Amino acid sequence: MISIDLILFFIASSLVVGGGFLVVTVKNIVYAAFALLVAMLGTAGIFLLAFADFLALVQILIYGGAVVVVILFALMLTRLEDFKGLTDNSQKPLAVLVSLTVLTIMLYAIVATAMPTSQGDAISMIDLGVSLFQDWAIPFEVASLVLLVALIGAVVLVRQDEEGR
Amino acid sequence: MIELFNESSLLALIIFPLIGVVLLMLIPSQYQDVIKYSSLTISSVVSLISLLVYFSFDHSIQGYQFLYTYSWLDIPGAWGDGAGAISLDLGIDGIAALMVLLTGIVMFTGTIVSWSIKEDLKDFFILYFLLLSGVFGVFVSLDMFFFFFFYELSVLPMYLLIGKWGSSSKFPTFARTKEYSAMKLTLVLVAGSVLIWVAIIAIFIQSNLGTFNILEIEEVISENLSTNFQKIAVPLLMIGVGILAGLWPFHTWSPDGHVSAPSGVSMVHAGVLMKLGAFGIIRIGMFLLPEGAQFWMPLLIVLGAVIVIYGAISAMGQTDFKYVIGYSSVSHMGYVLMGIATLHYLGLTGAVLQMFSHGVMTALFFAVVGMIYERTHTRDSLVLQGLAKKMTVTTILFGIAGLTSLGLPGLSGFVAELLIFMGIFQSYGFGGIILGSFAVVGAAITAIYILRLIAKAFFGPVSSEWEDLTDSNLRERFAASILVFTILLIGLWPYPFVEVIKHGVGPILSGIVGAI
Amino acid sequence: MDLFLVNNLIWMLPLICVFAFLIIALFSQYIPTQGAIVSIGSIGIAFLIFIFVLIDFVNGGLLPIHSSFTWIDLGEWQISWGLLIDRISIVMIGLITFVAFLVQIYSVGYMKGDSRFGWYFAVHSLFAAAMLLLVLSDNLLLLYFAWELVGLGSYLLIGFWYEKKSAAEAAKKAFVTTRIGDVGLLIGIIILFKASGTFDISSIIHVAQEGGISNDVIFWSSLLIFLGAMGKSAQFPLHVWLPDAMEGPTPVSALIHAATMVAAGIYLVGRMFPLFELGPGILTIISIVGIVTFILAGAIALVMTDIKRVLAYSTISHLGLMMLSLGSFGAPAAFFHLVIHGFSKALLFLGAGSVMHGMHDQTEVELMGGLRKKMPITSITFLIGTLSLAGIVPLSGFFSKDEILISIWEYNPWFFPVTLFGVFLSSLYMIRLYCLIFLSSARSDYSEKAHESPRIMTYPLIILSVLAVFSGLLAFPSPITEWQGFAAFIDDHHKFHMVPWITAVSIVVAFSGAFLGWVIYGARKIEITAISKPFKFIYQLVSRKFLFDEIYSWIATKIVFTFARWLTVFDRVIVNDTGIDGVGNSTKKSADRLKYFQSGYLYNYSLVMVIGLFLMAIIWWVIE
Amino acid sequence: MTIIHFQFLSAILFSLGLYGVLARRSAVLILMSIELMLNAVNINLIGFVAFRGFGQEIQTFGQVLIIFVITIAAAELALAIAIILRIYRNKNSVNVDEMNILKG
């Protein structure tokens, strides 16, 4: 019996898989970036289907907005000639082999250890907020520190040296 | 007030040096005087606390005192929820009390002696206090995890202290750079601590209590720690900690380390750090693994005898002051190991007293050698001559240290060595007599190299090179006189010290079947 | 304990000297005479205490006085410190305090103007304290304690003029050589402790006499203790330090290396005598060591030309005689000779010091001669000392020697003729020394210009010479008082007796030695080279002191220190560079080879990572 | 819709990302592939959280956990991009096969 959410799931997952496939195969890097965006949006859809509304929003905002944009900026700051006609490196056949093997193992593992499933509940954003800011307040603050440090680190790394080198 | 002191004084011993570290970090490094005086203040406060701890330690009450507990981490497992498996358990028995006093004394005098360091004094003291915080931690920890933690904490700063402030030396046939010595010291000691860590984890698992607390594990020795397990665990521990006590053939880090280290660090290194090894054997090896200890001790006593003689003869072949004293330290630590290995009341008491006595004595030695080196810029006894004329007080101080080292009665070394000798003769039957004789001969060899050194470097006519040497100044004399006073006090009136040691030795030996 | 019990007051004896040491060592520049007065005062007070104790004893008093306290308390094992004054120690205290007192007064004149005048007296006080402690202690441990401190005092005083390389070396040699003996002593003490559970001398002897200690243990521990005594009392073959010890100031030689410290070995053996008696064969060993020392040292003394060395070898020789006496059950005779030798030899050394004082510190007898006129008091007192030591009747040395001969004849008759030869030798070399120094005419500028020493130095000489003359009378029982003679004082079982023919032989031998000496060196009737020609080899051997120094220094440099150097190289090259560093180096080497596996490409690394994970999964699977 | 769907999707996406990391040449693309793998992890996690029947509380916790994952991913990305820019400035390329200074 194919339910409506299963159909939605397949649509979203085809977005994810298709986007992901394009990311790792296309030759033009800008296209790859947009394919990544597609995959991220698909993931947001998956989140929605798993009752994680807030996460879906976050996913769109951070990945769809920030991450892809940052990557595009990075592309703009680097050399443009290489963008089209990307080639893969010499161990491509091995890579194919290894990833297929890993995929097989994982799929086998999934099938072999079939999990019982039960229907989940919707989580209200209020609960999530309460949990985040009460139970997990300290890790949350620490995470913000991590971000801050990453920010500073990024700035320091890309800053022009004083001699202008 | 007294309760507060009883509960938190041991914690203070660990925390105050760390406070000192932070404090010194905040002082800009160009204020040399501020750094000097604040480091002096910190170390006097800590030493004062250690003094208070020692004197308010009541040896008439059984059991560990000044207990303090802070639960840190639970480890659930086969043993249950393991609440507070790792907790900062502090407490001292008589042995640890004496070691705390020793650390306090060496720390204070080492600080005074280190004042003369010219370069990056601030960073030196930061690392110095870090090191001492670790040393105090080892002596007062009743938790194996923290024992190990502080053990590592006290080893690692040595690397920087020697590597940065040390001195490289060039000898006719070989050279020792300070970087080499620092690296060797750190690597060898860390290799040893791997063994310790394995042993500690093994004890933790085997005891099946879900705790690292030594006292709690001690109660289940007979049920959970089987004889076979103990026999396997003791060598790990004995080699691991023994490396720090200069166990042959892993002793070479020690003389090289001494030669390269600045005098303040040498004082701590030989005075306190090497004692951690012997202390570890007593605290974990004998207390938690009595049967294993009993099984392996005959080997240790033979090794100890080898170290005594080997170290003494090696010292005889050296001409560099610090090498002589370095090997002499190895030799004297051999006495400690022998004393421990007797498993005898007298021997163990003597070993602990020797740890204290040797600590104070080598501290004095290195302080004096530092005074000489600062003025002459050489430590080669073949070059130095007739220093007694120019540096009379320094000579007398060196003489006192030397006489202590060769076991002259009236100075601390004699009492300790006497007790150890008596212990060795009382244990292991005829073998004990042979080994004991070796030990006594070792003391005679010490006399040869010490007096040879004195005759070469201090006596004889003053060569023109040393015409304008100055004698030690008031600061250095003050530091040295504290050490001399301690040496004399133990040498002449060891009664109170022995009373305190007895408090710790009794329970340890009572766990060992057949020990006297 | 009540501090003011008379028993506890005996602690004052050593303590007062310790305080003197501390005061002088720390504050010598603030005290008039740099502290000499403190030192002399303290030893004077000690002497007064001795007089007090003696009077008390004569009036039927307190002996033995005993006081002790626990030094280390280890439950089952108690180590205590205790002092004991009995008859033996009363004699020793008298000797020590009296000689030390005189020597210190003498030193004020002798050491005048020395840059370390105060330090000299400080060490003297330290030595006196240690020596008093040594003879007062009631247990072996405290005795060892003092024994070593005495050695320290000796070390510091021999090396007093440390700027001289030879003095520094001599001090070291003295300490190390005696230390070799002390190793034995300490081991012996501890073995006895193991066997009897106590350090207390009388308890040990009691246990041993009850049969509580096996014969083996008694034998070995006695032998080891005797080794200690050999070191301190400079018996062959551990005698080599004593002649070198003459590098110290001469009053030091008089006090430490003639009268007191070197007698400590005799004292120790005498103290432990009841134990030694029980050990099979120990007394024979002691006798042999004693007689060898007696003869060999006497022979060397005959050929030495350094005034202090002659006296040093003479001291060794007489210590050998005392050992021989002890080995022949003659403990009282040994003590008697110890006292009388102490007075006489101190007198001779102080006389030698006086000569050196007048001769600008020249010690070579070849440079002297004819000093009799220039230094009349020194000359006469020196002569008295010489005759006393030569055993010429009726000076004191004669009586003590006589008693020793009697006990040797009674217990060790085979040694008797050899001993007589030794007696002959000792009167010969003493007279030779006197003749060379004081008779005939001056042989150098120094002796031309020699002058008599100041009174502070000559008065002690006079006092000592009086004693050297009259102290022999102590051997006789007193007709008026209860005094039964010295021997009976030491040991109740001993009765004073003389064997007429032995006395006669002794007189003849001593006189013939003295006469021969006078003929050769005084009257110059016989050319010395004429006699020594046929015995050239022996003469060479003797004048090179039987090659002991050469052999020892060969052993020390060629064997011991070479071995030490080899061990140092072994330690560095094999243990450290090959063993410890070897581990590091092999790690480094294998890293050098393995580094070529690193392509440097990130994607290679990640591929290998994944494969690794993959393998781990497989392994896990297999195990499951 | 069961856990298995999520698991399958996650596995496929993860393998794709892995392939990207192993096979691509441009550092930026490798970075993107890593993002894919992180997403795969998140998908797996949310699948378990939502459909395993842990109840309200754990479900909330799971979501919080994902938020943290995203946060850390963002931080990592920022630094990675910075490093790539730095490398580009030094070597004028972002191709990983031109970077082998770690070669032994």
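Read from first to last, the chains carry the letters A, B, C and D; within each, the first residue is number 1.
We take it that contacts are C-beta pairs under 8 Å (C-beta built on N, C-alpha and C of every residue); 3 or more make two chains touch, one makes a residue touch a chain.
In this text, all values refer to a predicted model and were calculated from it rather than measured experimentally.
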Fill in the blank from the handout: Shared touch partners for subunit A + subunit C come out as D
Exercise for the section: Identify the chain whose mean C-alpha position lies nearest to the mean of all protein C-alpha atoms shown. Expected result: B
Handout entry: Result of counting contacting C-beta pairs for A-D and C-D, higher pair
Key = A-D
Practice task
Would you mind pulling out the distance in Å between where the CA atoms of subunit B average out and where those of subunit D do?
Solution key: 52
Exercise for the section: Determine the centre-to-centre distance between subunit A and subunit B, using the mean Cα coordinates as centres, and give it in whole Å. Expected result: 56
Exercise for the section: List the centre-to-centre spacing of subunit C and subunit D in whole Å, with centres computed as mean CA coordinates. Expected result: 88
Practice task
Measure off the straight-line distance from the CA centroid of subunit A to the CA centroid of subunit D, and report it in whole Å.
Solution key: 6
Fill in the blank from the handout: Multi-chain contacts in subunit A, i.e. residues touching at least two other chains, fall at 89, 91, 94-95, 98, 102
Practice task
Send over the residues of subunit D in touch with two or more other chains.
Solution key: 18, 22-24, 96-97
Exercise for the section: Return the residues of subunit B touching two or more other chains; collapse runs of consecutive numbers into ranges. Expected result: none
Completion exercise
Touching pairs here come out as A-C, A-D, B-C, C-D
Problem - subunit D to subunit C touching residues, read off their complex - result: 18, 21-24, 30, 96-97, 99-104
Practice task
Over in the complex, which subunit C residues touch subunit A? Could you list them?
Solution key: 601, 603-604, 607, 610-611, 614, 617
Exercise for the section: Write out the stretch or stretches of subunit C touching subunit D in their complex. Expected result: 594-603, 606-607, 610
Practice task
Spell out the residues on subunit B that touch subunit C in their complex, using ranges where they run on.
Solution key: 174, 184, 187-188, 249-250, 252-253, 256, 310, 313-314, 316-318, 345-346, 349, 386, 388-389, 403, 406, 408-410, 414-415, 418-419, 421-422, 425-426, 433, 436-437, 440-441, 443-444, 447-448, 451-452, 454-455, 458-462, 494-495, 498-499, 502
Exercise for the section: Under the touch definition given earlier, write down the residues of subunit C that touch subunit B in their complex. Expected result: 70-77, 141, 144-146, 148-149, 152, 155, 159, 162-165, 167-169, 171-172, 175-176, 179-180, 182-183, 186-187, 190-191, 193-194, 560-561, 563-569, 571-572, 575-576, 579-581, 584
